[in-house]
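Each structure below is given as structure tokens.
In the two complexes below, subunit A is the common chain; its partner is subunit B in one and subunit C in the other.
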Partner chain A sequence: MVDEEFSTGESFIHGLDPRIKIIVAVLFSVVVAVLSNFVSLLVALFLSLILVVLARLSMKRVFYRLFLVNGLILFLWIFLPFTYQGETWFDIGPLVATKEGLLYASQITVKCNAILLTMIALLATTPIFTLGHAMSQLCFPDKITHLFLFTYRYIHVIFQEYHRLVNAMRIRGFIPHTNIHTYRSYAYLVGMLLVRSYDRAERIHKAMICRGFNGRYYTLVQFSIKMRDVFYLSLMLIAILGLVILQWKVTL
Partner chain B sequence: MESNTLIVNLKDISFSYSGGKPVLEHLNFQLRRGDRIGLIGPNGSGKTTLFYVIVGLLRPSSGRIDLFGKPAIEERDFREARKRIGLLFQDPDDQLFSPTVLEDVAFGPLNLGKSPEEAREIAAKTLARLGLSGFENRITYKLSGGEKRLVSLATVLAMDPEVLLLDEPTNGLDEATEGKITDILNGLDLTYVFISHNLDFLCKTTDKIYAVVDGKISIYEQLVPHTHIHAHRFGRLPHEHRSKLMELDPEEISD
Partner chain C sequence: MHISEGVLSAPVLITGTALAVAGISLGLKRMDYDRIPQVAVLSSAFFVASLIHVPVGPSSVHLILNGINGLLLGWVCFPSMLVALALQAILFQFGGITVLGVNTVTMALPGVICYYLFGRLVNQESRFLSSASGFACGFLSVLLSGILVAISLAFTGKSFLSVAKLIILAHVPVMIAEGVITLFCVAFLKRVKPEMLGGVYGKAS
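After this line comes the complex of A and B, so read on.
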């Protein structure tokens, strides 16, 4: 279900303190999201590419992931130029494409890919439960951290439950068609999954109470920041600051 | 003197799920130190409910619960008792919620106030005791059914309970894993109650078998000599039948 294909590796990025990776990834995403000129955006994209190369990930797999997201962005390219107000670029009958729309669509594309590549290089290279623990150590609210860890743990169980239900339907000759019987059966399936998940959540809570759970979640994992972590953190912070300055300078 | 050995004392307990018909009706149940009890009964007869009532996950509509000689009324009373009573759930996926085996086994000890180092050590020891050394960093949802069951048993044993309540511990296990669990349980010097439909397993691990019928508990006759009428091929030839259930002490039968 969640195969975490990038989470194991030998590169120095894999070995960085996960807390640092989270801080950098969040900061980078926020800064890139508000950048508006192409020079700084392309630099950001270049930086994120360097991170992916440094993480020594399979480029084929990385581009496959990018491909999936860019499939969605394709729709922006279809709609944005025609719906944005501005200078005419070309027209097809009554449909007018604007230069501003085109620029906007390309801006979004560069931003998305830069953020995504950084996420892949920094976050996907950390096992999910390590991320969860790092989140709790960074003082993320307990509820978010628990939600994150529990989702990871139980998405697999719910997926299996889904498969059991689908198989139970199939074994009794269910073939999906475009009719009310199909829709109703799928509605039952979804409803049943919800009910079962709720029941399971109750049982898990009971099992936790039996083992002395009182709302506090203690963790075994302890991270320690090394000199190397501090060095790379400063390096990446400087790079992000550079992006901000670049944006500011070019606008001036 | 009696109250000293009495661990669980349920008096006149009634319970019904909201809107449903009563599951437990005026039930009495006593568990003494050293008892090894098996509980059988049809599906939906209230066996699991009985366990939940004992540890205070469900509150009875009437009746009185004494745990370790003290009346258990509020959540606080049950919370203390839960540290000494280990409950194993029917579905190991309900019990194992941490990403890794080590973290899950350490969860209980951490809640008991142990330091991370102590908890880690306890978890490793408990796993070793169950023959699960090397499982520490395995991902819980990727374990096989039998491994999940053994690990969830470890999560309960890691809290060093005085009493074990196990809900169908051998359900869905193959013979080898069932044999392993039987050996582990027989090697424990604990008071316990097992729910199981597996008579063979109960005969090997418990001294008394109770039945839950109509919301009440009745003692299952300990030994009922009986014969079976049966048929099979070559039945006319002189032969012998062997069954694990029949392996009882001759003395016990003569009683």
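After this line comes the complex of A and C, so read on.
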């Protein structure tokens, strides 16, 4: 469940400096999130698709991910055409669908998926630990990066713990239904996870103190900016600037 | 309860981010460096617990648990939620970068409110009082999250109003389920590890 399926690879994108990836991903998302005309949004979607292609990811897996997270968007498609004021497109009895509503819904869809594709292409292609170290070099607060790295590290451990507990429940014949027994059992499962996390944290903390932990996280990873990073960064900056200009000039 | 990328308008995103930054810095102040392992392992436990699907009638809902997270962590709920949401965005693409602030506030603010409302009450001797506040904590945290989602949608555009209302309505079963789960979970922690409910995670600095 918690695997980083896109994080390994040999592509151009995988080889980029993670700091550059974070900067570009954030810039791109922020700019696309405030774009409001269709032409520039479509260009953004096209750009993000290029990034995914450059990262040489399995298209099937990428679209499966997109499909999973487009739930709310589907919801909006059902509602927005009928609630947005504008020119009538068609009507079902008292419900009037408007062209503007439809346009708005598709605009949101394009926007959302452009940002998601960029996140897959740039962030999901970086191992979480590398991201954490890159974050700390980009001057994120220390406490946040530590929390981020530690949390991710222990998700896997707790997940195994969770599996053991669930297996134990199944062996005892637990079948979930909508009743108090099920809810109580799940609540105790959650409670047990929390209690174990508390005990484990105590052991971890003691072990870390024994090894001289003083609140700093040292890393042996040295990032270096290569020619291709500079090339990529400048290309993306030009592209993002292009999106802004397009938004400005074209009125649709 | 996440809002996807690309839905909200810029003013809403900026407000959400500003509020999140304020909450996170308050939370970080209350979390010393040597508390980080504890908070982190607890955050991973919540991350895993939120993958649990609980049956509600013919369908199932996944646990949110922001009420009990707030109850245990107080203001530290903000950094804890931020990290969990960032991981979800990177690993599963649930939520995203620009909505990270809004989503953090939606999840963590109700937790903090529950901490102030019920933090003392759940530790009461009376079983009725502590169970009732446990239920209220779970119920209210999801309700408040729903309201915050609705507010951010409503401020983005009037056309979202009906969607926003429907989101709150659709979460009523979730609120009840979370209430019951939180009730039993609090009772369990009180018996097994009462010090966890005593605010060990978020000491005021």
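Here is the rule we go by: the second predicted complex is superposed on the first by the 243 of 252 C-alpha atoms of A that agree within 3 Å, B and C clash if a C-alpha of one lies under 4 Å from a C-alpha of the other, contacts with A are read in each partner's own complex, and residues count from 1 in each chain.
Operating definition for what follows: contacts are C-beta pairs under 8 Å (C-beta built on N, C-alpha and C of every residue); 3 or more make two chains touch, one makes a residue touch a chain.
What you see is a predicted model; the values in this text were computed from it and never measured.
In the superposition on chain A, A:R200 makes contact with both subunit B and subunit C. Once the two complexes are overlaid on the shared chain, A:L220 sits against subunit B while remaining clear of subunit C. In the overlay built on the shared chain, the residue A:S234 is in contact with neither subunit B nor subunit C. By the touch criterion defined above, A:M208 reaches both subunit B and subunit C.
In the superposition on chain A, contact of A:S58 is made with neither subunit B nor subunit C. Of the two partner chains, subunit C is the only one touched by A:G191; subunit B is not. After overlaying the two complexes on the shared chain, residue contacts for A:F129 are found with subunit B alone; subunit C is out of touch. In the superposed pair of complexes, A:V157 makes contact with subunit B and with subunit C alike. Greater residue coverage of subunit A by touch, when subunit B is weighed against subunit C, goes to C.
When the two complexes are overlaid on their common chain A, residue A:L80 makes contact with subunit C while staying clear of subunit B.
Residues 128, 150, 152-154, 157, 200, 204, 208 of subunit A are contacted both by subunit B in one complex and by subunit C in the other. Taken in their complex, subunit A has these residues touching subunit C: 1-2, 4, 25-26, 29-30, 32-34, 65-66, 68-70, 72-73, 75-76, 79-80, 83-85, 101, 104, 108-116, 119-120, 123-124, 128, 131, 141, 143-144, 146-148, 150-155, 157-159, 161-162, 176-178, 180, 182-184, 186-198, 200-202, 204-205, 208, 215. Touching subunit A in their complex are the following residues of subunit B: 52, 55, 57, 79, 82-83, 86-87, 89, 91, 93-95, 97-100, 102-103, 106-108, 110-112, 116, 119-120, 140-141, 155-156, 159. On subunit C, the positions that touch subunit A within their shared complex are 2-8, 10, 13, 24, 28, 31, 33-34, 36-49, 51-52, 54-57, 63, 65, 68, 72, 79-80, 82-84, 86-87, 89-94, 96-98, 158-163, 166, 177, 180-185, 188-189, 192-193, 196.
The touching residues of subunit A, counted against subunit B in their complex, run 128-129, 132, 149-150, 152-154, 156-157, 200, 203-204, 206-214, 216, 218-220, 222.
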